[in-house]
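For reference, chains read A, B and C in written order, and residue numbers begin at 1 within each chain.
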Amino acid sequence: MATSITPPRASIDELTHSLLASYRAIGGINHVDGKSLPSKAAIGGVIQSILRLLFPGFLGDHVVRSGELEVETRALLASVQSQLEREIRHSFEYAPPDGATREDLGRLAEDVTAATLAELSRVRELLQTDAEAAFAGDPAALSTDEIIVAYPFIEAIAVQRFAHELYRRGVPLIPRIMTEWAHARTGLDIHPGAEIGSHFFVDHCTGTVIGETAVIGNHVKMYQGVGLVARSLSGGQALRGKKRHPTIGDRVTIYANATIVGGETVVGSGSTIGASVFLMQSIPPDSLVVYEPSGIRMMSKVRTEAMLDFQI
Amino acid sequence: MATSITPPRASIDELTHSLLASYRAIGGINHVDGKSLPSKAAIGGVIQSILRLLFPGFLGDHVVRSGELEVETRALLASVQSQLEREIRHSFEYAPPDGATREDLGRLAEDVTAATLAELSRVRELLQTDAEAAFAGDPAALSTDEIIVAYPFIEAIAVQRFAHELYRRGVPLIPRIMTEWAHARTGLDIHPGAEIGSHFFVDHCTGTVIGETAVIGNHVKMYQGVGLVARSLSGGQALRGKKRHPTIGDRVTIYANATIVGGETVVGSGSTIGASVFLMQSIPPDSLVVYEPSGIRMMSKVRTEAMLDFQI
Amino acid sequence: MATSITPPRASIDELTHSLLASYRAIGGINHVDGKSLPSKAAIGGVIQSILRLLFPGFLGDHVVRSGELEVETRALLASVQSQLEREIRHSFEYAPPDGATREDLGRLAEDVTAATLAELSRVRELLQTDAEAAFAGDPAALSTDEIIVAYPFIEAIAVQRFAHELYRRGVPLIPRIMTEWAHARTGLDIHPGAEIGSHFFVDHCTGTVIGETAVIGNHVKMYQGVGLVARSLSGGQALRGKKRHPTIGDRVTIYANATIVGGETVVGSGSTIGASVFLMQSIPPDSLVVYEPSGIRMMSKVRTEAMLDFQI
């Protein structure tokens, strides 16, 4: 097949001019002469330093001694502060708050950076409860140490809880770049806007999606492939800022691949949602929602040989 | 438990000889004295340059000025051309078209490289519609810029649309290596053979699979975990080249974790498929396919304490 | 919104002292003055060398000649042995077997390393059957070479089969760090404890989860999003070591997003499980388990305009 093609030979000159014409003609996916955007690579570096600050001694390549902890912590903080402040300033320059001058933006970046870093201790309080919940809920785990070293969940939730602090303060772009960094590594896609209580755990992570306006109580456990998502309405961008994703009470368990839809949908505390359930309505506390077993058909292949290829 | 094992002590010499014997005895997973294979690392580098050509100014670490755009574009194109041509030549040497001589292969690689790079402008036209669709469909997005910088979808679809141009021209191995590069980073597995219309969007990406012979219309929106897959028949390799994956019309929405199976299955334009639906038959235009709500059972845990552990 | 925030300005000094206080107050997520943990980065390097030993000639950047194969193999083995032994020693020091002295641990690490590397040939025998099964089952594949170069599955199963050898010998932490390395790259999460027969294949991989005590027969094929998982019972850590995940017979096919739950659940040989099925009970050999087609509701949107926004 390949040999039958007689493609147009194009020189680098021709290719260059054709692409430059495309850059002039097709907008929206160029960023030439534009404002600075925050750098994905720099933000990746910031996240890795933040993770070392949140879980001291776990993520470096040597044992951290208490005698050197203060020096290491101070150095990491100083480096994170200057890098994060620069990326936040770029973000505010890209999408400035109404009426802000260029000087405002510099001061705003400085203030937001300091305020967010001041939340690290509170974020750690929550992460401790997450590590506890993961250990309590997974008999395959040897210790909370194993969870911090090996489980994708703890990395994803740490990044989301930190990104949420930037999101709350109105920083554009960076919070989402941070959670997508974690999404790419763990398969767990938690929007930085989601409000998540203590003792949270998502086992296996891959494919679980938690939308921007979801609200999750304490002691909630989920499995892989769960979606807390919005209805796909004609509204589109007009729905920005509206509550579009579900509210989950306390002590709720949601099994693999269940999808819960809509901003008014409330899952009452103490409820359990079975695997692959598609839920579009609120349910009262202490509910159990599962497939009707009669919704599944079992048959012997021996007697159904003829239909087998048709069926599956 | 570990201490009870008394393992055989083996020296490096013994281990080496045992492995070499295994290399001689077990074929199919060795590649010794074989033809050159295309290099995954080199192809990863090519993809990153292609992405910079498709979305100028977004993916580097500095603001691109229009005055330097021509110089940068020409340099990137020249580097991509020589690297891509070398990998394509290796691929054709690995699996030559019928009757091709070694000289044919060199010229073929040159021609296919030039022809594919000449498609970059047309690929950009489609990607602009994808970025528009993603922005229109997601109230969490601030701008198309945010979509290009932060959303995994745009990277995956850009790689697939470019790899599809190589696939159409019969290049072996490389198209699939490219889409697997994107699959590993985004969780979205689109085979390079799939034919995809304009204004496509997959929200959240993770776990969505689109098979080799799938055909997708314009303005189609999908969510995470969707499968457009083949029946698993006894045919196996005998089915190569046959249409095995579904056809999706225009303006179709497919919710999370729905699976649509088979090469003759057609989803009519304007239809909506609910979450977790398993569809093995064609449906007419403007259909809505959802679970029967009666297929889900809700009950109060308070009254079902006894069965709870059994149920879930 | 952002401008209305007047955050506390905190100096690096204040931030440092606040974090150090947090390190003292919040335990369980610190690892200061602790025992050495195995290094994730070093283990990543070991895995990449192991993969080159398992699939000679495929993963380097040059063609491997038979004349140089012995020298290359010996060098790789020597380097893997010393690195792996060091990480295993750290793991045993972290969680020593009952009554082991420090000298015991050094010798144990040496013995386990040698015993595990001596299994490489046997692991290769199984991987050859996996590559065969992947090729036989996927008409999109050109050759087993393409499967080894481009398919995420073969990387994930190779890492799991090797990690399983460490797991069987009681090595803490490392087996799970290895399978999570593969999980992050492929989306396929197979616990190192799972026992998996020959000719195994998971197509597309993303989101499939196989738990610690799962047992899988020969010639089993799965798709993306499948879960072989445990019930989430109040038992938690008390269930450690118990059989909690399903047993799958020979020649079983499990379609996308199906979830099979529980340690006593047995899927009989020759059975097929349809997409999105949630199975909590054993089924006899040669069963076909699918949704009841009546569990899906199809309707025309034209006649249901009013309910559409409500429904989805």
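Heads up, the rule we're going with is that a contact is a pair of C-beta atoms (placed from the backbone, for glycine too) under 8 Å apart; a residue touches a chain by one contact, two chains touch by 3 or more.
This is a predicted model, so every value here is computed, not measured.
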Superposition of chain B upon chain C: rotation angle, C-alpha, nearest 5 degrees: 120
Self-contact between copies chain A and chain C, residue sets same or different by half: different
Inter-chain centre distance, chain A versus chain C - centres from mean C-alpha coordinates, in Å: 21
Where chain B touches two or more other chains at once, by residue number: 187, 206-207, 225, 232, 253, 255, 257, 261, 274, 276, 290-292, 295, 311-312
Contact footprint of chain A on chain C as seen in their complex: 1-3, 5-10, 12-16, 18-23, 26-42, 94-95, 172-173, 176-177, 180, 183-184, 187, 189, 191, 193, 206-207, 209, 211-212, 225, 227, 229-230, 232, 235-242, 244, 253, 255, 257, 259, 261, 270-272, 274, 276-279, 283-284, 286-292, 295, 309, 311-312
Complex interface listing, chain A residues touching chain C: 53-59, 61, 63-66, 69-70, 73-74, 77-78, 81, 92, 97-100, 104, 108, 111-112, 114-115, 117-118, 120-121, 124-125, 127-128, 131-132, 135-146, 148-152, 169-171, 185-187, 204, 206-207, 221, 223-225, 231-233, 253, 255-257, 261, 274-276, 280, 290-292, 294-302, 304, 308, 311-312
